[in-house]
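Please read the structure below before turning to the comments.
Note that the chains take the letters A, B, C, D, E, F, G and H in the order they are written out, and that residue 1 is the start of every chain.
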Amino acid sequence: MKPIVSIIMGSTSDWPVMEKTAVFLNEMQIPFEVNALSAHRTPEKVEVFARTAEERGIKVIIAAAGMAAHLPGVIAAMTALPVIGVPIKSSLEGMDAILAILQMPPGIPVATVALNGSLNAGILASQILAGSDAGIADKLKTYKENLKTKIVKANKDLAEYKFDYKTN
Amino acid sequence: MKPIVSIIMGSTSDWPVMEKTAVFLNEMQIPFEVNALSAHRTPEKVEVFARTAEERGIKVIIAAAGMAAHLPGVIAAMTALPVIGVPIKSSLEGMDAILAILQMPPGIPVATVALNGSLNAGILASQILAGSDAGIADKLKTYKENLKTKIVKANKDLAEYKFDYKTN
Amino acid sequence: MKPIVSIIMGSTSDWPVMEKTAVFLNEMQIPFEVNALSAHRTPEKVEVFARTAEERGIKVIIAAAGMAAHLPGVIAAMTALPVIGVPIKSSLEGMDAILAILQMPPGIPVATVALNGSLNAGILASQILAGSDAGIADKLKTYKENLKTKIVKANKDLAEYKFDYKTN
Amino acid sequence: MKPIVSIIMGSTSDWPVMEKTAVFLNEMQIPFEVNALSAHRTPEKVEVFARTAEERGIKVIIAAAGMAAHLPGVIAAMTALPVIGVPIKSSLEGMDAILAILQMPPGIPVATVALNGSLNAGILASQILAGSDAGIADKLKTYKENLKTKIVKANKDLAEYKFDYKTN
Amino acid sequence: MKPIVSIIMGSTSDWPVMEKTAVFLNEMQIPFEVNALSAHRTPEKVEVFARTAEERGIKVIIAAAGMAAHLPGVIAAMTALPVIGVPIKSSLEGMDAILAILQMPPGIPVATVALNGSLNAGILASQILAGSDAGIADKLKTYKENLKTKIVKANKDLAEYKFDYKTN
Amino acid sequence: MKPIVSIIMGSTSDWPVMEKTAVFLNEMQIPFEVNALSAHRTPEKVEVFARTAEERGIKVIIAAAGMAAHLPGVIAAMTALPVIGVPIKSSLEGMDAILAILQMPPGIPVATVALNGSLNAGILASQILAGSDAGIADKLKTYKENLKTKIVKANKDLAEYKFDYKTN
Amino acid sequence: MKPIVSIIMGSTSDWPVMEKTAVFLNEMQIPFEVNALSAHRTPEKVEVFARTAEERGIKVIIAAAGMAAHLPGVIAAMTALPVIGVPIKSSLEGMDAILAILQMPPGIPVATVALNGSLNAGILASQILAGSDAGIADKLKTYKENLKTKIVKANKDLAEYKFDYKTN
Amino acid sequence: MKPIVSIIMGSTSDWPVMEKTAVFLNEMQIPFEVNALSAHRTPEKVEVFARTAEERGIKVIIAAAGMAAHLPGVIAAMTALPVIGVPIKSSLEGMDAILAILQMPPGIPVATVALNGSLNAGILASQILAGSDAGIADKLKTYKENLKTKIVKANKDLAEYKFDYKTN
């Protein structure tokens, strides 16, 4: 199957964070591709990547980068596809990456998620795709139900574990 | 025509910022609705709003709020639709609104745009819709072309205006 | 005995911090309950929790959360009880949690304590309850006296340990 | 009637912000007193104020200050009453006042509200008092209902005002 | 004369700040060109600009931008010329522009100057050029001498204006 | 009388802030001198100033600067006299000046006061001088008494002005 | 010998940082005392400490505290002696302690040194005392000379260690 | 060969960061010297260093410092050579060093690179030298090509490593 989501990161060192995006898309059975290309070190490749994404069948791009994180914005400037930006923490508590991705000027949005928010990037991509794909929409709903089941179970465990405080 | 984008803001005082979203969607001929509902002052109405959005035909929600801006996240928790968050500056240079919208925990993303980034919220919503609507996709491309024309013209004016410096 | 304080946290991972609240309330012999419910993953359960708290006999709610910490504010929006918010540090040095809890808009206050300030949340709850419960008021005074005794003793130890510097 | 809430501020220049607390308490018919005393310039008076508050019949103290805002914490150190802290913005966007009030060490909490959050301080004081005063509890509920009515009305006005966008 | 310094800014609205660079270069009699091109709205033009700068005879590029200021870094990625970055204040006190320009990843430096530091950008460009142009080196030294004369004179004026304080 | 306090500022534009230091020292009848010298634009003059201060009879130096405020630290490096640093707000809410003055490395302290804290710089200088000058010590005490009288009076005025709230 | 410098800290846990102050004063042969007293937990003892310091022969107070660090300011409010404040890092990268000590309102200065700047606090105290004690002045000068000797030696070592780079 | 780049750092403890500058310059075969001199502890040596740099044949100075990092600015004030500043992280996440180096006042620029950006400092120095040295220009181009080769290879490895996700 041809990928419809493209994960791109500024450095292969971002992969331990971004692997969660891949795992989630896999779970949703959404075909995706993975690339590591730097806006600064390989600008021509980034340009080819961005300009051909739509015709290659990509529907959503997820771009992750740290420091002066230009990758998501640079890609957004060269495609009409929605671009999700994931700030990666590597210095200054990640504030540099957050602001360099989030604060895009009028005209070129990047849909920014939380610092190191790779799982949420995958979910957001799925939500965007679900608008025109009922199968993904269904899988997302199942996923959300499971999330709730887990936290409700955790709450029960906690309540039991705590019981001795209350009776004292 | 039934609205497919829903603009919601935490307070009517956010309207001067959010009007740009409305103007843009109008220009794109995307039908939309506008609401002012507070996550804190009218939580039941926000819940009804969020839970019925999908069945009312809404495809994308744009939620704006300031300070401890919970509105986008609270709505995202109650719908499977993509939610775009617009941090509104009202105190602490807007950093409170940015962090309260952006830093969503794993499981519930909000697609955050820049501080007071109301135009970009409209563009991002259009990009999401363009995935399954070729008409919107075309209008977006035209819009982007016009943006370029404007800035190229501005550059020319600037170059001319500056000429006397260079010859001295 | 029925609980009169309710400790709620956004995730069971907050428990190592919030255990100090439980230990303190236990020491004050104030009956309490503990829940882990997420404003974003289990919004319906949070709503039931908040709307029934008063009728279940709860007098004060202590709500802890990290990142875009909406839980305290969301609960405060659905109850007239005083809500104490505890920002939990998990990213950005905890500044996201502080601002997302503290900066509530006019109309819905959250009584915010320091980052990871779980002990102070317990003391503040006790101070609020002490207004109509002389027994708690007495225990609080004893607790404060003990605090002083400890620090006075620590100071003495320090003065002795330092003695050799002064004589040189 | 003897005051049961005490509003204290570090400087008379804080009054334009704190007047909202007074107006709200008045509306709730809660008797209160107002003082301007500086933790740094009149420490003895602050001490007398704090040590006698309880015996004078005060149930809740609301303390406002700017810059290195020590007043709320200093008072909290000298009384067992709950102390609500209001950070006043005067420099550094108010971040100095927020941190100097919020970040109290273990043992001495201050219930901090938002920057310049004088209305919320009044509401929080009322919520604390409502625990043992049904009259205040009733008035608070009426107040909250009115808040909703206002924002629902504002939303209607907005929807109408926007109508022309949607039909275009 | 052919320009050897190129001033480029992300938006014509940056011109009131960047005019100081132009005035300074003019004073140094260094030929320069001025462009307004956005990394996000006109990426192709920026690329042509950057890739041809060296062959057009440019020796130093001065790039100014605000918000998520990618322009200096994007240009630095596509040329071997030294690039001076000027963060322009437009939101968040300019911290977004500072971090988005300064925090470049290893491999692609941008020589960043202070927020709105347009004069210093001109001086830095001159210092770089002075390394291989004795005429510029001489003019720079004269400029620095004049700076000192001005401040020494200001100091004298101040000392006299203050005199009455000292004699009282 | 020969000056014993030296006020130095990085730019004559700091004078409107620093005038309060001068007014205070005048009120204390402490002879002082005023200079505007830049650590960056007139480093030789700053060095002569710092190296000769002690022999000219100066006992305390008060140095004010904004932005990357090196003046206080540079002077402290070249004299054994106590140096008081006053951060002047001119950009980034003054945080640059605060950190550039406060965060001196081990070995060379600068006694830093609040942002634009020119009055406190004067008081601190007086406190340092009071250690060996009983006349200054007495004047300081009188000054502090007057401060209290003023705020006590302000509090009375406030209490009266507020009276109508309490009786309603 | 009676102490003339008083080191006070908010908690005995500050001692590992503040020990450097003690070691330095010892080296300068300046007699000192050490106390751990909390502005919040033992306010009466802090008051007695501050009000009696001058008559006990203390000339300079060095006060260290973390978080909402009120101790230096509270002491400064109750004595005419110069008070040196040392912000201790324990949360929020120490920014809370810095602002809570530095940003004192007009009238009550605290001479603030760098985060965890315990050595500089000792040096600053010595500089203040040196104004009226030639013996301390001499020892300070010797200390500064030694500092230089050390760093000059370090530089030589570095230059040699690096030699192989230059010859390659 | 005589050095043409001078690396100077405020403390030998900065060497582990700055070694990357040395390694890079070595790779470029650019002769350099290394010094550790403190703006605060050895100001006279810094002055001699700065004032003689040009006549010793130095073309670019790279100055690194942490905390209230005055070294780059102090040197820039005493030479007409271009000065590259490297902020070293040692406290406050390095924000103090960034602002103390970057925010130079008009007249004296420092070409600031990222926090701990020692490699970029070396590259920037090379770019400046390349303007008048074709050999360095060639080596820089080779270096940049190698950078690309490395990241393109890393991307390939990543794509292969990821393959199993896509096929599932």
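Simple rule for what comes next: a residue touches a chain if its C-beta (ideal position, glycine included) is under 8 Å from a C-beta of that chain, and two chains touch if they have at least 3 such contacts.
Here the structure is a predicted model, which means the values were calculated and not measured.
**Q** As a test of understanding: of all chains, whose mean C-alpha position lies farthest from that of subunit D?
**A** Here the answer is chain H, farthest from subunit D.
**Q** Compare the CA centroid of subunit A with every other chain's and tell me the farthest one.
**A** Farthest by centroid: F.
**Q** With chain centres taken as the means of their Cα atoms, state the distance from subunit B to subunit H in Å.
**A** Distance between chain centres, rounded to whole Å: 41 Å.
**Q** Per the centroid of Cα atoms for each chain, what is the distance between subunit G and subunit H, given in Å?
**A** 34
**Q** Among the residues of subunit B, which are close enough to touch at least two other chains?
**A** In subunit B, residues 11, 38, 41, 67-68, 91-93, 95, 102-105, 107-108, 114-115, 144, 147 touch at least two other chains, as defined above.
**Q** Using the touch rule from the top of the page, what pairs of chains touch, sorted by label?
**A** Taking the chains two at a time, the touching pairs are A-B, A-C, A-E, A-H, B-C, B-D, B-E, C-D, C-G, D-F, D-G, E-F, E-H, F-G, F-H, G-H.
**Q** Which positions of subunit F touch subunit D when the two form their complex?
**A** 89, 93-95, 114-116, 147-148, 151-152, 154-155, 157-159, 162, 165-166, 168
**Q** Tell me, which parts of subunit D touch subunit G in their complex?
**A** Listed in rising order, the residues are 10-11, 38-41, 43, 47, 66-68, 70, 73-74, 76-78, 91-92, 95-96, 99-105, 107-108.
**Q** Quick check on the complex: what are the subunit E residues that touch subunit B?
**A** Contacts found on subunit E: 1, 3, 11-12, 15, 22-23, 25-26, 29, 31-38, 41-42, 45, 67-68, 91-93.
**Q** Which of the residues in subunit C end up touching subunit D in this complex?
**A** Those residues of subunit C that touch subunit D are 59-60, 80-82, 84, 98, 102-115, 117, 119-121, 123-124, 127-132, 137, 140-141, 144, 147.
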